[in-house]
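Naming follows writing order (A, B, C and D), and every chain is counted from residue 1.
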Amino acid sequence: MEAKEIIARRVAQEIQPDTLVNLGIGLPSLVANYLPNDVHVFFQAENGVIGLGARPPEGMEDPDLTDAGGGFITAVPGAASIDSAVSFGLIRGGHLDMTVLGGLQVDERGYLANWMIPGKMVPGMGGAMDLVAGAKQVIVAMVHTAKGAPKILKECNLPLTAKRRVSLIVTEMAVIQPTEEGLLLKETGPDASVDDVISATEANLIIRGDVPRMRL
Amino acid sequence: MKHAIKAEDAAALVPDGARVLIGGFMGVGSPHRLIDAIVARGTKNLTVIANDTAMPGKGIAKLVSAGCVSTVIASHIGLNPETQQKMIAGEIDVDLVPQGTLVERIRAAGVGLGGILTPTGIGTLVEEGKPKITVDGRDYLLETPIHADFALISAYRADYVGNLEYALTAHNFNPIMALAGDTVIAEPHHIVPVGVIPPDSVKTPGILVDHLLERQPDGS
Amino acid sequence: MEAKEIIARRVAQEIQPDTLVNLGIGLPSLVANYLPNDVHVFFQAENGVIGLGARPPEGMEDPDLTDAGGGFITAVPGAASIDSAVSFGLIRGGHLDMTVLGGLQVDERGYLANWMIPGKMVPGMGGAMDLVAGAKQVIVAMVHTAKGAPKILKECNLPLTAKRRVSLIVTEMAVIQPTEEGLLLKETGPDASVDDVISATEANLIIRGDVPRMRL
Amino acid sequence: MKHAIKAEDAAALVPDGARVLIGGFMGVGSPHRLIDAIVARGTKNLTVIANDTAMPGKGIAKLVSAGCVSTVIASHIGLNPETQQKMIAGEIDVDLVPQGTLVERIRAAGVGLGGILTPTGIGTLVEEGKPKITVDGRDYLLETPIHADFALISAYRADYVGNLEYALTAHNFNPIMALAGDTVIAEPHHIVPVGVIPPDSVKTPGILVDHLLERQPDGS
């Protein structure tokens, strides 16, 4: 299984029925594909819809209905259009149950950096800072390393997205829960041993007893 | 009652150096005909306040390409490499603001607040130079209003009072920006007689709108 | 002519075409009756409508359409329903061209007191403080004296509604414009001489040349 | 999907001593059946946050008369002599807040702001005990969020997702309060199947609403 699919499948298991979930663009957006049919959730696109639906059939796109990446979407029955003040009001106000975001780095404190590489790439934070500051649960969905270099560090050296401990880190190699004591290794990926995870991670990992494999 | 005006006449209202709020999110819900008219006119040194600068060839990106813009206040420029290049080359100043903070700062200007306290940006580069205020044991940044000379917005439907309705994700920043420009120019897809839009469907009351753009000559 | 009618007729002359106007309950609400037919304005009721219309015919009341005093109203073509956040956003944000309010006291600084009499009457300020702080023009419409006692004072002794100089005071005896130098007597009422106004007013009045009578 | 519940079951969710936001303006747009059910239940010591306490015999005034209320946070109590009498007799604490400030403080709680800066109340009794902050040379009061355990609101139409529409001046505080209660109970005039309310007409997304009151047994 490809890394991205492993990650998306595993994150999908975290989604609870009848919640409001925001999926970032790129890898996180794949999570919707692996949600069990009987789990009903509302997806939010922060540009202004609650009840984001699948991509429309060719020729049935509406130029006024897109996701935060600018891609055409549909709206599920019971959807609501909202303006940006309401959309971010829901996010900042704690009404969003979960956000799934990509990451450049996460550190032992559980802090995320995902919005700029100084002198190199300055796309802007978009909605990421509000999402990380405001969502009830923040899940970081990312590949474990970048060109072999660890992305889970002792301390982020890229600018932080928020000074808030994220809820969970899901990679193709591990499920890691940031806690007050540090990063707790909860599961390993289908093809990764505990030692594999340790050697691909700069941060210290807390390992308690036998660490189970992901069930996908 | 407002007479609808031509895009070129609307563009002529916006002088060089103006601060302009422009609605839209990656080009969706932006006032495209008005943008084209500003590009055609060659207006200079605009400060553009918008969620993003879209992607090359679309919406606000056209203003960037045409050299109309000297400053951008936005939350995201990642899909427009040209904005990034001009920023690095020093041709455009870019001030990046978290999206939720951006919309609240615009709203604050529109509804007469002197600022808002937000948790967003605490502990990040965003807090530089901003007062930190503690309320009930939690830290917040004081973020101040963003005023503008103009709000250039897009709408789904207008009447000749200037009442506006918006469609789906083309709402985005438009209803908030309509509160915050000294002069508000709205580009609707459709214009209907007064009384056709039910009071409960109006999202921007007409008293906020100074000018309406006429429909396309071909009725589209 | 009754005092209230004089006041309402005179205030109506101040209203400019194509503006947004808020009339307080009681005396100020009478102003709408004296607006020339060719002057089109939108009236706001701060409880949530722009485009307040006349009282509905008997039997045609809508329980969901009332003014800020709770009385049944209609909506003119082009009306808009708004929630309280938008309504007060318009008021505080300077989008309201004029508010006409009753007054208990106004003083030489042009400050208004109209929301409480300590120990006696504490109705609450409702929207008055926002209206006086935010409207572009504030007109105080009130009878000149209360049981013979002046209401236009050197300094208000009742709690202020706002520390903002109101634009104009209209009574049955006078039109007075608060300025940086003090209260300027602009007009006298149909039945009042300049001396009458001075003796019914505690505050100093600035009198420049001949003071014209109101034309009603 | 939400099952609509009986007014008496909704009232049973609200314990003695709860802080409750209640929508309405002089009784217009208040959740009347829910209020009647709370009166019937005899709930005590409520802190009621609302624009006003209506007039005797109507809406929130019934809660005051029935002795359900120990604290009122409102902008106006002038049309309810009973609230004023109970305040003077020391039976009810009343905190008067300017209307525009009240709605922004509720909104701040709902949208996660730590407060807002308003010019309203500067130089008046309202500024007592509040920090004054100067922005761009103008003074503002820092006003803090008003949180509540419950929001009891009224709506024109709901679907079973909980999406809400409002009618005319019955909007008032309802859409804002729907953001700010830990538990939100909505009393709609009508309930329609999911999909009937167009996305652009929804003013309160259903995800904010915890409970819907069922229609009257007679369908009215």
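Simple rule for what comes next: a contact is a pair of C-beta atoms (placed from the backbone, for glycine too) under 8 Å apart; a residue touches a chain by one contact, two chains touch by 3 or more.
All of these numbers come straight from a predicted model, not from anything done at the bench.
Least step count on the touch graph, chain A to chain D: 1. Relative to the C-alpha centre of chain A, the farthest chain centre belongs to C. Averaged C-alpha coordinates give centres for chain B and chain D that are 32 Å from one another. Averaging C-alpha coordinates per chain places the centre of chain C 29 Å away from that of chain D. Mean C-alpha position of chain B lies 35 Å from that of chain C. In chain D, the residues that reach two or more other chains under the touch definition are 104, 107, 111-113, 118-119, 156, 166-168, 199-200. In chain A, the residues that reach two or more other chains under the touch definition are 49, 75, 81-82, 85, 88-89, 91-92, 134.
Taken together, the touching pairs give a contact graph of some other shape, not a line, ring, star or complete one. The complete set of chain-chain contacts reads A-B, A-D, B-C, B-D, C-D. Interface residues of chain A, counted against chain B in their complex, comprise 45-49, 62-70, 75, 81-85, 88-89, 91-92, 122-130, 133-134, 159-164.
Those residues of chain D whose C-beta lies close enough to touch chain B in the complex are 104, 108, 111-119, 133, 135-136, 138, 140, 142, 144-145, 156, 165-168, 199-201.
The residues of chain B lying in touch with chain A in their complex are 25-29, 51-52, 55, 74-79, 84, 87, 94, 96, 98-101, 103-104, 107, 118-126, 156, 166-176, 203.
Listed in rising order, the residues of chain C touching chain B in the complex are 20, 40, 42, 49-51, 75, 77-82, 85-86, 88-95, 134. Within the complex formed with chain A, the residues of chain D that make contact are 1, 107, 109-113, 159, 161, 163, 179, 194-195, 199-200, 202, 205-208.
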